[in-house]
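Got a structure here, written out as structure tokens. Questions coming.
All chains are identified by letter, namely A, B, C and D, in their written order; residue positions are counted from 1 within each chain.
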Amino acid sequence: MCITCAFSEVFEHAGKPKRSHGEGMTMESAILLLSCPDAKGIDVRISEFIWRNGGNIVHFDQHVDEEFGRYFARVEWALDDFSIPKDRVEEAFAPLASELGADWRVHFSSERPRIAIMVSRHLHCLYDLLAKWKGGRLPCHIPLIIGDKPDGEEVARMFGVPFYHVPVDPRRREEGERKQIELLKGKNVELVVLARYGKILSSGFVDEFRNRIISVHPSFLPAFPGKDPFTQAHRRGVKLIGATVHFVTAGVDEGPIVSQEVTRVSHKDGLADLIRKSEDLEKTILSEAVRLYCERKILVYENKTIVFE
Amino acid sequence: MCITCAFSEVFEHAGKPKRSHGEGMTMESAILLLSCPDAKGIDVRISEFIWRNGGNIVHFDQHVDEEFGRYFARVEWALDDFSIPKDRVEEAFAPLASELGADWRVHFSSERPRIAIMVSRHLHCLYDLLAKWKGGRLPCHIPLIIGDKPDGEEVARMFGVPFYHVPVDPRRREEGERKQIELLKGKNVELVVLARYGKILSSGFVDEFRNRIISVHPSFLPAFPGKDPFTQAHRRGVKLIGATVHFVTAGVDEGPIVSQEVTRVSHKDGLADLIRKSEDLEKTILSEAVRLYCERKILVYENKTIVFE
Amino acid sequence: MCITCAFSEVFEHAGKPKRSHGEGMTMESAILLLSCPDAKGIDVRISEFIWRNGGNIVHFDQHVDEEFGRYFARVEWALDDFSIPKDRVEEAFAPLASELGADWRVHFSSERPRIAIMVSRHLHCLYDLLAKWKGGRLPCHIPLIIGDKPDGEEVARMFGVPFYHVPVDPRRREEGERKQIELLKGKNVELVVLARYGKILSSGFVDEFRNRIISVHPSFLPAFPGKDPFTQAHRRGVKLIGATVHFVTAGVDEGPIVSQEVTRVSHKDGLADLIRKSEDLEKTILSEAVRLYCERKILVYENKTIVFE
Amino acid sequence: MCITCAFSEVFEHAGKPKRSHGEGMTMESAILLLSCPDAKGIDVRISEFIWRNGGNIVHFDQHVDEEFGRYFARVEWALDDFSIPKDRVEEAFAPLASELGADWRVHFSSERPRIAIMVSRHLHCLYDLLAKWKGGRLPCHIPLIIGDKPDGEEVARMFGVPFYHVPVDPRRREEGERKQIELLKGKNVELVVLARYGKILSSGFVDEFRNRIISVHPSFLPAFPGKDPFTQAHRRGVKLIGATVHFVTAGVDEGPIVSQEVTRVSHKDGLADLIRKSEDLEKTILSEAVRLYCERKILVYENKTIVFE
């Protein structure tokens, strides 16, 4: 097909405005998340596939990681004039993806991810996620909340989300986790959000949800991983404290980082102040990470994330 | 009384540790908030009053404003060995206060302020205040929530706080406000928190609660006061957006500033992004301001605040 | 020309790695800055022009402003295999640009912009610009420094840059400005950087260098424009102070904003503290803005900037 | 002496305004830095010593560290009406200090500390320190700069400060350090500032200047200590990078932290971007730490600092 012709076709639709980032996106769009070995012209080939089929690209973000020699892209296009039906898009794109040697997935803006929240005793992140979700700020379904402690039950009830209390006995961790995984799979959960969940997940659990578990840790990782980061930070006499959202991998607090934030502390701040200040950081960045996930803006590769904000 | 003697008395109690800032303060304390014309030795005179009566000072924060030639202090002392009963402390301090020509007030850590929240349609701050309050992070009572719209009712019910829907017709503002003031006074409310309340209060309302109404405005004041700060900010093409908590005075968004925070935006951010980013700022600084008020850490003088964080 | 062929040509060069953002860019590249009415497929048409002529795109940043219905792009491509000689690139691109109705300009990474710095008494920004320039952090030429006061002369001499003392008598401003403009034009200056220059430029001066004068103002604009922003901020009792880099237009401190930064202040900070804290902000964002300009990362349209960081 | 009398004396001077924090402090003041085991009434005893001798306290900052059960204070008072001559102040205060079991030192605002800067190849901090010093922002003497590389010599000459090139051969480190220590002692240096000095100091060197060497490390300690923090940060995929100023102790990058700052990075930032962004952080916090030291606002105890900002 000749590019001049392609364009004449393209410009028939030119009067229709693109929709802006973050604006009320009422029409349905498709979102391609893709990574592949870097090469010249990948952008053009992907664009060309979309234009040729009548799609109007509204966002095209790409990145090349030099270290890995790898290309990453998030492409979003409007489906209203797209000639390929939704259920055949993947099939239609597969040949090009295969040529590129790509890891890829096509999402649709109308398909909200199903997300589970896991909690223990600290409920500030749970409140914030549920309030934002109820207020329409998080485009997802939340079919269940799991707690290894019963503390989250009341909050779950306030927001009308089913709560499952599944205690995990450290000596028989697999048993508790088996129940949790069953619940998550039974509800067809795509993303698991550890909202200050207090137990370390087994590598078996992590493998079941590879790159689909995120957690918030109350420190500026890699500083102060693991147990009691507040005491560690207080003892070290740091002048800023932080919080980190990361994907969960087998190594504790070692997974790819999605988001980090810090706030100022001084010698006047005791442990209780550090905890209080941290809670607002944790809430903000965990909700933000969930939103970015729902909007299909996060790619994970090896131990890094590409976040197309 | 001789200062040497004062000290010998003082040191009898020396073994008892001071309590640290922010640590679990289980024993009751008194808190003096005071401002007066600046002079030499005010600190010593106040300290001396407390020591002489067996009080153990745990915090002494002071500030001199050069412009006003005025001294400000917040003094907190433990009551366990204090020889003056709580109900006679003000009487006992009055002579010194009078000599200093001071505006002052003594609070007690056991007396939690009674706070009312006023809302309209945007509920993010309401959720955050109530979640922190329920989680024990805000040492206050919340006897009622008032909405000029019915939107906040469900949230109020979730947290078990009485909600009063008092519509305010702009053409008969006084009428609506009269009902609101009646409710607030009937519940013996000390502080009114405007959590994105959408109406401008009359000067009559403001006078009823002088220096006892705080509001959050979604801009970095004095930039973008009044109506639609997001559109103003978006049009001006700012690279940071902010939020401001201030005491409410007769001039719209002109009262003494308690707290401000900003976050980064770019040309990519549409109005919806500005609003979303702002909400997290607003929540955090409004809750923080309420906490500081509850802990008696804010002094207001003319158009400024002294915040002893 | 057929797009399939275009691609086969494209992929011949695929083995050559793209260069990463910010890495030592030793090979020469061309940079297109363009804005035009928004339409479907602009990205593909521009890409196609570059690919077809053997260019390897290393960065393609684009943005659509909904308010203006306008498309903005910065495209950078390596020149090593590009078949069009540098001095004919503009001619070759002109037909497409004309079809798009674009404002545009092609720059080359090897052509460093010629920048003049104008100062008065406050020299912190001058030091920072010169130190970064000397350290290789600012890819530009600095052929002269102009001061309406003699204060900057010593610093200029330290760094070996010619200094011209051109006093501007407010009653005969045009006269002083005429000399300044003559100097700037004589040295073939592209960008004028007002590094805390104390005089307001006439609209005549501004017109001579339209969208080519940037200035740093020590406040968070639009708050506290014009004279004495520190006193204004101090009186208002703000809890954050800011600095703003903007393009200079006829209205004082009203031009398109390039960059803003803030830092925390409290009641304890006097005027001198505000000034000291501000200086570090001003330095950092002014140098940053100059760097972004040199790297051709700033587009101006109406009263906004698009900054492709 | 009777406290009532003390006050009558005190109030004779009441008309004279206190000077504000950070304002041009033209009159001379004394500054006491003190730490001792915590006890009741320490504040009053210190104040009383000063008032009794006619001193007008302009700042009294104190802190109690619960973990160590230790009291810290910085007290500044005007000397104009102080009855004890400067050279006898320490003698006069010694008995009270001894009773309190205190570590302490009295400084005078007129005595500017003598500071040496040590550098290697990266000169951004050196420029910033010297520009601020020349601009009157750092109240200190800088009698010499030492470089283990010759790179800093030109900058030193620009600012008229003697530069000594003292190479340090890793196999004979003591030899080089001996020369450096000789130079520092010969110039009567109080504080050694490592402005991105590239060599690790021996414990012998550190012992010679206990709590009197500060260094800036380009990471958010305790994350990424030691060699090549930028590569470590880049590999870990952090979303914020930081810089830390700390006192130098025997353990590399393990000393008490004075100041920390961070800035945002993304997947788009390569190593060169991290380095560039870090340099502005490093400059700002190192200069700030030197200023705080010069103003006698830093106390060190065990592995923590108390910074009275």
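Odds and ends about this structure:
The working rule: contacts are C-beta pairs under 8 Å (C-beta built on N, C-alpha and C of every residue); 3 or more make two chains touch, one makes a residue touch a chain.
Here the structure is a predicted model, which means the values were calculated and not measured.
In this structure, the chain pairs C-D and A-D differ in their number of contacting C-beta pairs, and the larger number is found at A-D.
Set against the C-alpha centre of chain C, every other chain centre is closer than that of B. Remark: chain C and chain D have CA centroids separated by 37 Å (rounded to whole angstrom). For the pair chain A and chain D, the distance between mean C-alpha positions equals 43 Å. Touching of two or more other chains is recorded for residues 20, 23, 65-66, 268, 270 of chain B. Residues 1-3, 6-7, 10-11, 13-14, 16-20, 23, 38-41, 43-45, 47-48, 51, 56-57, 60, 62, 64-66, 69, 264 of chain A are the ones touching chain C in the complex. The touching residues of chain A, counted against chain D in their complex, run 63, 65-66, 220-224, 235-240, 242, 256-262, 266-268, 270, 303-307, 309. Here chain C touches chain D in the complex through residues 20-24, 123-124, 127-128, 131-132, 135, 137, 158-159, 268-273, 276, 279-280, 284, 287, 309, going by the rule given at the top.
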